[in-house]
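Structures are listed in the sections that come next.
One chain, chain A, links the two complexes that follow: it is found with chain B in the first and with chain C in the second.
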Partner chain A sequence: MNPSLKLGLVLIISFELAFMQSVIANLIVAGLGLIYLILKRVSPKKILWMLVVSIIPVFGTWFSFYTHGAGDAMHSAWLLSTRIYAYIFLGGILSYTGTVDELLGSLEQNCHLPSKFVYGTLGAFNFAPRVVLTVKQMKTAAMMRGEALHVWSPEIFFKSILISLRWSDNLSQAMVSHGFNETTTRTHYDTFAIPWWNWPVAGICLVGLQFLAFSGLF
Partner chain B sequence: MNRQTTSNKTSALSYSLRDVAFIALTGVFCGAIFFGTSLSYNFLAAGLAAIGLGPFANDVLLGLWMIAGPLAAMLTQKIGASTIGELLGSFVEMILGGQWGAATLISGLVQGVGNGLGFAMTGYKRFDKLGLLLSTITGTLITFGWSMINEGYGKYNLGFLLLLLLVRFISIGFFAGVLVYWINKLVEKSGILNRD
Partner chain C sequence: MDKLVINDLTFRYKNSGPDIIQNLDFTLQPGTFNVLYGPSGCGKSTLMKIIAGLYPEFSGHVTSGKMYIDSEDVDNWSTQDFSKHVAFLFQNPNDQFSMTTVKREFIFTLENLGMPVEEIEATIDRSLKRVGILGFKDRQLDTLSGGELQKVSLAITLAMDSDLIMLDEPFACIDIKSRKQLLELLKDLQENDHKTILVTDHDLMGYQEIVDALYHFNKGQVRPVLDPEKVFATYQKENRQLLFEKPGNGVESIIDLHELNLQNGTKSLINSASVDVFKGKMILLTGENGTGKSTLFSALTRLHNYHGSIKYLKKDILKYNQRKYARYVGLIFQDSQMQYLKLTVEDEIKLSLKHTNYPDFWTDETIEDYLKQLNLDQLKDHVVYQLSGGQKKKLQIFEMLILGDPVLLMDEPLAGLDLHSTKTVMKLIKEVASEQELTVLMISHQLGGLQDFFDYHLQLKDQCLTYTEVLNYESIS
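This part shows the complex of A and B:
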């Protein structure tokens, strides 16, 4: 499925899910998401990880509604804890069945997002592994001077800003010197089309969602 | 003078490639710094969950998720910068493997708009204590409204709800307010933004 359409669909479903009051609908959405992930051959390790990582928040949500809920606390507890699973599998669809490059490329071509946003973001994302490394280096360097940097220390953010400034300068200069232009129209090597069957599939998903939303399931 | 005070209305709306890369990189950094703490989030959540206070883990740390937005707004002083910063930040969190997936994007948007409203109320003129204070207030109220719907906060009893609101305001007030103010002061003192 076209990445932009997939993003739009997942966002609409996630948004509407927030207003739905049905445990069964949550389970159906979560189940369909899981089936899609399995059909797309996402590795079982990733799926297992999604299940494991959600145990604490799901249990925490369930138990806090159980103890502090008003009204039908049991229904709230099950509703909000199953909703977490629906969100996690919907998110998994975006994270694991497509790449950032595809998504951004498709947003540029299909949704006409300005190219400076697409390539500026893309350039920055390619720094992600180095950013993680740099944060570790900053912490280690500070420890060698006998200082511990925490998330509440302004210094760690200040250093990050310094590096972001330098890298964004270098990145934009490098891009411009390689021929990037913000204003002219671009040609594309990888083109993203929206196949005709995407529209009926998206339509069926949305109509199905309305059935779940308004059928009054438990 | 630094470029913040010389920026006028037209430049407040237009983003250059460098601005976009800068906001995105800052978002990636905030995400990376935050992910250093995701382990502690799970410990905190587990501890609180055991005594029926699970959602507090969320509310105590929410401010941390919301640093990127006001930081981008304060540093670039552009209209919509906090929304873009927060949205890019949440996109990074989603890609780096945050546990909330697509919901992250929606909450990122809600948080960004919430923060941005505060700056909008000053007509995008006060990128200082007042702007930040307003942005933490609107940020708290808007995100809390979304939590009422999305995380079902509306179904808690009133005392618990007010406590959650208070904790959230303290968290956002500190991380997205006081901390951002401190960072901005360091940046202004160093003069690193005088680069145009």
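This part shows the complex of A and C:
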């Protein structure tokens, strides 16, 4: 499915889910999400990871509503904890069945997002591996000078800000030196069309969601 | 028709600040190979960024002057107009790219220029082939070495079809072999593709045979050099064979490597190396680009994983307390700013004095004296991040020397320093190291002026580390 349309659909479902009072609807959304992930051949390890990581928040939510909840505590406990799973799988669909490149490219072409935003974000994403390494280097460098940097040390923030400023300056100069200009029209090597069948699929999903929302299921 | 004409150009970073470039006149003929040399921090990079259209767009103010490229007034040019005429290769090749793979970067660039999609693939192949790196097409950029990145950059400028190619200190972090290859490639592009080439460098080694015009940058102005032979001669004299002793039997070791294996991603860098680093000695570490010298330093400072064992004073380095170990083996990072923690030069030095192992040695007079030698004495209240590249390097080396850690690893401390600064810095390192019995292990591609400073030479070649007696580096010219 087209990445922009997928993003839109996931956002609408998530939004509506927040107001729905049905455990079964949550389970159906989570189950459909899981099936989609499996169909898209997302590795079982990643799916297992999503299930395992969520155990603590799910159990925590369930338990706190069960013990402290007002009114129908049992229903609230199940409602809130199953909702977490629904959200996790919806998030999984966004993260694991498409790349950032595809999503940004599609947003640029299908939703006419400004190219400055698209390529700036893309460039920043490409910096991510450097961030981890740089923080480690920063800490070691400080220790070599006899100072220990902690999460709460002002120096670490100061240095991070300086490095970010330098990176952003470098990034924009790199983009400009390779001909980037937000005002001129650019060509697109990868094109993102919205295939006709995407619309009926999206429509069916949304109509189905309304049935879940208003059918008064448990 | 002149390729580039600059008349009466004046540029400053801050409105109230000094002029970095002062009433400068400069002309380039089309299809020529030009070299601009001058001391580090004199404003060469600034001039190049102005010609490339990055300044004053990103920083600074042009207070007077006119610039013409291909006889067109560039006043109303957009950054994209510039990039169609002028290609600019940054000092640090890592800063040139914003995408993840070679192909992606090409696509990004060609899309920017509005090239029709059906021509993109063929253009990429043609440009990569011209530079001889077609095999790099699907490589991740972060797996390429500095020299390889420079070649990719050059290939991209060919794809962009810019006629004027400018390179800012392109060889600062590149080994001799890659340097030679790149110079040959540039000459080839100039002669056969009629490109106009402008290179800035502080080291003129290897240029004599290939340049058409040599320019000197000094005090904000550019002057053509009328007798280039004389200038080249002074640079040639510095370049010889370096001779070293081989470590004898009685020398005490401070760091022992045993069966060390290093990898970068899936690429094996060092394979089963067993070698000692000797106490109180100055050791030069050389090896081609991308062989893993910096990665070895990262392993020695526990910033990179390794297999095998590394021992400091006969004890595994992983068994030391991290904070304590950081004060036994210090690293002078390639990126100077990584080392700084304070805002001004003075505060930086004070911080080092607070933690120095030799408080008696570093009296106020000694500090003042060294600062004068390094030309930093007038800059005490300056913000460290605003110093020039060379000044940053000098301060960084100085503050690490003040600390007096028993072992000091130096990663390209001479990169970007001119001949004079190199000598001052080396003299400083040598003096302090012998006074405080420090062990110094230094990576350097710049070998001019290094005679008599080092005890041993450690070579990283074919994934092995060995001490060798002879280091030839004259072969380039």
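What we mean here is this: the second predicted complex is superposed on the first by the 203 of 218 C-alpha atoms of A that agree within 3 Å, B and C clash if a C-alpha of one lies under 4 Å from a C-alpha of the other, contacts with A are read in each partner's own complex, and residues count from 1 in each chain.
Quick note on the criterion: a contact is a pair of C-beta atoms (placed from the backbone, for glycine too) under 8 Å apart; a residue touches a chain by one contact, two chains touch by 3 or more.
Please read these numbers as outputs of a predicted model, since none were measured by experiment.
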item	value
Partner chain(s) touched by A:Y119 [first = chain B, second = chain C, both, neither]	both
Chain B versus chain C as contact partner of A:G91, first or second or both or neither	first
Touched partner set for A:F180, first chain B, second chain C, both or neither	both
Contacts of A:S172 with chain B and chain C, given as first, second, both or neither	both
Winner by number of chain A residues touched, once chain B and chain C are compared	B
Partner chain(s) touched by A:T140 [first = chain B, second = chain C, both, neither]	second
Which of chain B and chain C A:S64 touches, first, second, both or neither	first
Partner chain in contact with A:E155 - chain B first, chain C second, else both or neither	both
Partner chain in contact with A:W196 - chain B first, chain C second, else both or neither	neither
Doubly contacted residues of chain A, that is, touched by chain B and again by chain C	119, 123, 155, 162-163, 169, 171-172, 175-176, 180
Chain A to chain B touching residues, read off their complex	10-11, 14-15, 18-19, 50, 53-54, 56-57, 59-61, 63-71, 73, 76, 79-80, 83, 87-95, 100, 116-117, 119-121, 123-125, 127-128, 131-132, 134-135, 139, 151-152, 154-158, 160-165, 167-169, 171-172, 175-176, 180, 182
Residues of chain A that touch chain C when the two form their complex	101, 119, 122-123, 126, 129, 136-138, 140-148, 155, 159, 162-163, 166, 169-181, 183-189
Complex contacts: residues of chain C adjacent to chain A	52-54, 57-58, 78-80, 83-84, 87-88, 90, 95-100, 104-105, 107-117, 120, 142, 156, 160, 301-303, 322-323, 326-327, 330-331, 333, 337-341, 351-352, 354-355, 385, 399-400, 403, 405
Contact footprint of chain A on chain B as seen in their complex	15-22, 24-30, 32-37, 42, 45-46, 48-50, 52-55, 57, 64, 67, 71, 75, 88, 91-92, 94-97, 99-106, 146, 149-152, 155-158, 160, 174-175, 179, 182-183, 185-187, 190, 192-193, 195
